[in-house]
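Structures for review follow.
Shared chain: chain A. Partners: chain B in the first complex, chain C in the second.
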Partner chain A sequence: MIWILDITMLFFLVVCAIAAISIKDLLSAIIILSAYSLIMAIVWVEMHSVDVGFTEAAVGAGITTVLFIATLARTEGRSED
Partner chain B sequence: MSGIIDIVYAEYNYWIYVTLMMIGFYAMIAKKNLIKKIIGANIFQTAIFLFYISLSDITDGTAPILVGEHGAEHAEHAADVIYTNPVPHCLILTAIVVAVSTTAVALALIIRIYQEYGSLEEDVILAARRELQPEFSEHARQKSVAEVGEQ
Partner chain C sequence: MSKIQESVIIRTVVRIMVPFIELFALYVIMHGASGPGGGFQGGVIFGAAIILYAMIYGIANGKKKMSDSLDRILASTGLTIYAATGLACIAFGGMFLQYRAVPLLSDPAQVSKYLIDLVEIGIGITVLAVMISLFFDISPPEPEVEEAEE
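Let's turn to the complex of A and B:
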């Protein structure tokens, strides 16, 4: 475990989580959630759990984002809070 | 005091996991938009996954892939290798798939709610329901009166 990489990635993780729930434009929030998932995958690969890392990169950052954007195409893209 | 700093430093993964979990929990409770609630649920789930993966990691451990399987030249080296615990990895691999499935079901329900009420804001949906509710209860009352009348 490279601890300086670990701490940097965990810091970006918290920043992305706060940004994803506080941005009013829902498409931006979803893209930031995708970036959050990708950073989480990097943290896991760095903690030697490679299988979980690439599953999260494919499923968490890929399919979840596609599902969210498909929902957004059928509903509205602005949030009040 | 140095004991507290040692605990914070040695287990910083757990502090980040608790922070992320509370961020997700706050979004699930306080945000009015339904998609924001689902984003909060996703953050909550991945925070718990982070806890499990942190739990399985060992100092100086390596990925749980067999060392020295092919050829005997690494065979004496293989006994010294420390692997991280693979059991939480298997649990979380299953949990990631379940998380995607629950997200998909929730988003399908959100599309249906939007078709019915024309909004994703929770207060607008609740106000629309309250407007519809007297009509429903009046209909139910008339139906029960008619049933009693028939008897």
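Let's turn to the complex of A and C:
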């Protein structure tokens, strides 16, 4: 059962990572990166590393997203390349 | 941004939630030694609560609660608590942060327990102040945002 959860989470992790670097709209990229962090936190907890998962959820999915969006409010919001 | 800030539901939910998030942050800091969590995570959660307040009630209101000078004082206070605990251990003949060297109580394990909590509190205070000042520094000034939307 847990084995299936592992494979599913890692699959969504790769999907989120590829989507975050290939998408043009930067706000969408930030939200996808936040989802990536949340899945990563679940994977950490599943690997019995609750402390790291806690940090990932608080910093990766929380503070980093807020700081990225605050930065985005000062820029154009579209990727040039 | 202003549309979100005007919403009654969001304002009420934020006003009710912020104290509970702060309480949870204090719980995480105090249980850092015995369970998951610690000074860093607790500080981040506490900072996130105040950032949430500042996002919905406006940066100016947030700065009223948490001014730049208070930020600076808190950041240096936390660092001082951490460094003073570590240096006190050296002063009593141990290594840096070797808690059992401090002859505060008869049982060295008890001294370790309380000094670890003290260090975690110091880390938490510094992290919360730095996170909030990072957000205030990065976030765009309020009047500019309103002009851009109009």
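Going forward, the second predicted complex is superposed on the first by the 79 of 81 C-alpha atoms of A that agree within 3 Å, B and C clash if a C-alpha of one lies under 4 Å from a C-alpha of the other, contacts with A are read in each partner's own complex, and residues count from 1 in each chain.
The working rule: contacts are C-beta pairs under 8 Å (C-beta built on N, C-alpha and C of every residue); 3 or more make two chains touch, one makes a residue touch a chain.
Small disclaimer: the values here were computed from a predicted structure and weren't measured.
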item: Touched partner set for A:Ser34, first chain B, second chain C, both or neither; value: neither
item: Dominant toucher of chain A (residue count), chain B or chain C; value: B
item: Which of chain B and chain C A:Arg74 touches, first, second, both or neither; value: both
item: Which of chain B and chain C A:Ala17 touches, first, second, both or neither; value: first
item: First, second, both or neither for A:Ile63, with chain B first and chain C second; value: both
item: Interface residues of chain A shared between complexes with chain B and chain C; value: 50-51, 55, 59, 63, 67, 70-71, 74
item: Partner chain B, residues of chain A touching it in the complex; value: 1, 6-7, 10, 13-14, 17-18, 20-21, 26, 29-30, 33, 36-37, 40, 43-44, 47-52, 55-56, 59-60, 63-64, 67-68, 70-72, 74-76, 79-81
item: Footprint of chain A on chain C - complex, ascending; value: 1, 28, 36-38, 40-41, 44-45, 47-48, 51, 55, 131, 134-135, 138-140, 145
item: Residues of chain A defined as touching chain C within the complex; value: 50-51, 53-55, 58-59, 62-63, 66-67, 70-71, 73-74
item: In the complex with chain A, residue positions of chain B that touch it; value: 12-13, 16, 19-20, 23-24, 26-27, 30-33, 35-36, 38-40, 42-43, 46, 49-50, 53-54, 56-57, 59, 61-65, 84, 88-89, 92-93, 96-97, 99-100, 103-104, 107, 110-111, 114, 119-121
